[in-house]
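One chain, subunit A, appears in both complexes that follow, with subunit B as partner in the first and subunit C in the second.
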Partner chain A sequence: MTSNIFEQVRSIASDLFSIPSERITAESSPENIEAWDSTQHLNLVLALEEAFDFQLSPEEMEKMRNIGEVVKVVESKISATKS
Partner chain B sequence: MSSDDKTLDLRKEIDAFIAAGAPEKASLRLGELWRKQSGSATAAFVVSRYEQLRGKLASVPYRLAIARSFTVEPTIPLLRAVAFVSGIDLTVHVGDFNAYPQEILDESSSLYRFSPDAVILAVRTADIAPDLWQEYSDLAPDAVRQAIHRVSNNFQQWIRAFRQRSQATLIVHLLEQPTQPNAGVLDAQLETSQSSAIRQTNAAIRQAASEHRGVYVLDYDALVARYGRLNWRDERKWLIARMPIAASQLNYLSQEWLRFLVPLTGKVAKALVVDLDNTLWGGVIGEDGMNGIKLSAEYPGAAYQSLQRVTLDLTRRGILLAICSKNNLDDAMEALNSHPGMLLRPNHFAAMRINWNDKAQNVREIAAELNIGIDSLALMDDNPVECEQIRAALPEVTVIELPEDPLQYAATLRECPVFERLTLSTEDQQRTAFYVEQRERSQAEQTFQSKEDFYRYLEQEADIAPVTPASLARISQLTQKTNQFNLTTKRYTEQQISELAARPDHEVFSIRARDRFGDHGLVGVAITRDNEEACEIDTFLLSCRVIGRSVETALLSYLGQRAAGRGKKQLAGWFVPTKKNLPAKEFYPQHGFQLESQNGDGLRWALDLKEHPIAHPEWIKLNVMNGENG
Partner chain C sequence: MPIVIQPYRPEHEPAVQEFNARLKNGGAESDLVFYRYAEPRWLPQVDYGHLYNEYFVALDNGVVRGGYALKHQPFSLPDGSVRSVGYYHHPLSEGIVNKSYAVVGSFLLKDAMNRTPLLYCLGMGGYDNPLPKMLIRLGWSHCAVPFYFKVVNPTRFLRQMYALRTSTTRRLLMDLGAITGGGWAALKTLEAVKKLRAPHAPKVAVEEVEEFGEWVDPLWQQSKDQYVTSAVRDCETLRLLYPASDKHLMRLRIRRGSEDIGLAVVGERRKDAKYGSMRVGSIVDCLASPDDSLAVIRAASDALKQSKMDLIVSNQSHSAWCRALENSGFMRAESNFIFAASKKLAALLEPFEQSKSRIHFTRADGDGLPRNF
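And then the complex of A and B:
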């Protein structure tokens, strides 16, 4: 499951930031991805909400400082809706 | 997950087509990807790939600016993606947050410097009229009236100022209603209710828009209501990012914008080609027979009747209908003529291909018979395989694939942006009748020995008149839509036409034509510009339904006469070739014009008016009007 969500997040990030998904790792962040600015961060939030059908809180958006953190947030949201 | 894998494969296929230099195939797959998965991430992919294909596809470039009171940025990639898929290459400028009044009033603002083709003014009720929004309960009736007046005045001023500073189209969002009125159920009991105050303001904005050319309103409240106010709003995103719309609804806003951009860019369908079995009725007429097909006011036939109702509505917008169906002609005609559930009858269809031939070939023939381009056709079919075949064989055709549930058919057709129109002329409403008359004309033509005899028999009459307020919309529409007999293919908005006509050195004419079979309506436009020696033809076009019966010669001859009357020695004009205007190529040389020069854009032809006046065709009675030609 983990790797699956990682793959989905990767493919969303790859579309949004226009870079091949192979180059996206857990450490990818606004520091090393040029296209990841504040507008794209909002687009990332919206794309995740569309794809996983949940709503992110401001606190969760804050936490999403790199792809690894994004995956963690998505995973905890999904497990929260399941329980 | 399998659908994700599929779209991943599609993405790889698209990139392979781009790398292999196959832009049309890449574009077809991008359309497929967008239909399967139309979210924010996919939008970014679709836009970036279309940008790589720029210049390799026949997309219409268009510049859109958005002046706004809230965050619209996340909607832009969705809009650009759906526009690209619809053949519009959109460049978007977003104005500064809440800076729309200054941007509109200051003629040197970034809004005007962007030189947009169209501007959307998207302002929320909460932002422009907080008193009509959260503070409404505090207002005395007098204060309500003042608030309505203030907001209406603001919009009137902005619209007027915009029109003075720009020729671009303006699309104004009307104000939305709150999810719950502040007074609860009491609101509906009040004479000065919150909802009626907002409605009155909207009526005043609509009135202000109607007083100017090329200003349209977008019923934002109806849009929000269609998808549900509770789904639409996202209070949290409003508070943290000034984005009031939920992620899941952004696509609907971009689609609504597209419904304006499609008619503005001329990417419309002029005709809808329909299938019969399992489309206009349920079942197969050849097998189920007249009593077996489903078509009535009750379930399940009602689904098909609703679809027919929507189809009929399209004809009122000037959209032609045609049938393309694999069927025995007699079976199909019996249903069309006499099934009691049919709302559509044979006289609603401008062309019919009911046979067992190849569908793509039938569609090509329909385009030829209606004398419109294949890219002006939309095709509606219930069969996904046939839809895919048409997309592959005729990628220019807009394919409307009906969903599995017939109860969704009507809504699917209604949502289709290619049938949107922003204005309607008398000609639009009568178009189907024109085509039926045309069929009678062609039949008559075959009984005559010579063309001239046929022309005399037709008893043609033409009225030429300068542009008037009543004919402005139709004249602009003809410049936007006429592709074949159009010498320069210059597209003009109503606003531009009225500005050209106001210049002392320009003249704008329209021509109406009729004959013994009926009235063609307003079918031609000529725009001229005088210089010292010559009268230059800027625009000369005729609707394809009158070409070849010398109305074009009558109009040209009139321009020559007028120019000579003003002491001009020469009548001159360009032929600017496009993919579609081959029928106009020989027009000037056929009337004695000499080739003067030639460049990458086209050929310049000129005629010495003294030596070669253009004879008026004697079989056309010409009326020169001073006023209305509407």
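And then the complex of A and C:
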């Protein structure tokens, strides 16, 4: 997990869920962030698409079960775009 | 196994039936069922046409957990272009009866947004429902499309309008109004006052046509630029939307002298408990220059009156059509017919707050066709 992408994802999630970024870890998920419901999950996906300029599918959305997995999906999308 | 969203194919039909059964057994309302057949009965895609419906299902290891419909239709847009816009309708998720699938609704919408970024929703039953709530949280631009009604038969309206007869006092007052004729007098006086204040509508000739003809095309070309946006309503489109085989609809051609100034589609709505046994007519669709909207609304309204409707209803987004309804004796009531535009579509309609009263949306653009308009 690259720290740069993790920091960007953390910043997006912090803005979206209105919680300080230092409270967001790789294990943060809908289980421990109250504001992370299905609509906010979609908002997170849309914000990531805008920030990183790619499009995510519903299947990729579903893989994003915590911040760590969000970062993994973002990394894999970026590397797929580069290759 | 992740949930995947795929075009609805005939082999999914048994799984859709099982999905519908789970919704029913889970306590969902009886009208919440997904399409039984994979091929749309209304507007299937034919010969690469631009106006068509398609269905998608959310599959969880072969089990259907949701689905939605997407109508593709060309729209005239403010930049002068005509582009395909998607209408997202009939989304249904197992999340309504099983919280384990609460995320399916957002997956369905995301799938539609990926397929058609210029996307809108219309209808939705009011702001209290889950879909408009979700769209607002996603930052979609939205407004209620004004709803109007005109009472043709006050006695039956007072007796049968169950949506208003909600308390003993109301029922007594409405019955009293019906028995004494006071209600009739009040409603007719109100209508007469509205008409007296209205501008004079020029004399027009109204003809019921079996099918829309090529005379529609110049009318569409002259009218389209007077709306910020409108679904294309040329001859080819209207023949697909309102084929001659749809005998429950009346197609009206409105002329002033030798000039075609407008068209309207009217019909009787299906029976609905909130209207009791009243015959409810709907101004389903219409097209004209905004300046000619009064003549078209009067023609449509007269046609429904002559068909012995007790009540006439219409939803119109454009301020000129709203004024035309008011000047024809219609009254405005709270609307549950909500228009919501995706961020990409709304960006083309900017500034939305000013545009929303200059877009042309009617019942025909919503989820009510082909029968529930």
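By our rule, the second predicted complex is superposed on the first by the 82 of 83 C-alpha atoms of A that agree within 3 Å, B and C clash if a C-alpha of one lies under 4 Å from a C-alpha of the other, contacts with A are read in each partner's own complex, and residues count from 1 in each chain.
Throughout what follows, a residue touches a chain if its C-beta (ideal position, glycine included) is under 8 Å from a C-beta of that chain, and two chains touch if they have at least 3 such contacts.
As the structure is a computational prediction, the values presented were derived from the model and not from experiment.
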Pick one for A:Ile12: touches subunit B only (first), subunit C only (second), both, or neither.
first
Pick one for A:Thr25: touches subunit B only (first), subunit C only (second), both, or neither.
neither
Where does A:Asn4 make contact in the superposed view: on subunit B (first), on subunit C (second), on both, or on neither?
first
Once the shared chain is lined up, is A:Ala51 touching subunit B (first), subunit C (second), both, or neither of them?
first
Using the touch definition from the top, say if A:Met61 reaches subunit B (first), subunit C (second), both or neither.
both
Go through the superposed model and pick first if A:Asn43 touches only subunit B, second if only subunit C, both, or neither.
both
Classify the contacts of A:Ser79 with the two partner chains as first (subunit B alone), second (subunit C alone), both, or neither.
neither
What is the shared patch of subunit A, the residues that subunit B and subunit C both contact?
39, 42-43, 45-46, 55, 57-58, 61
So in the complex, the part of subunit A that touches subunit C is made up of which residues?
37-43, 45-46, 55-59, 61-63
In the complex of these two chains, what residues of subunit C are touching subunit A?
2-5, 58, 95, 102-103, 105-111, 114, 133-134, 137-139
The subunit A residues in contact with subunit B across the complex are 4, 8, 11-12, 15-16, 18, 39, 42-43, 45-47, 49-51, 55, 57-58, 61
In their shared complex, at which residues does subunit B touch subunit A?
1, 4, 8, 39-42, 44-45, 48, 71, 73-74, 77, 234, 236, 240-241, 243, 247-248, 250
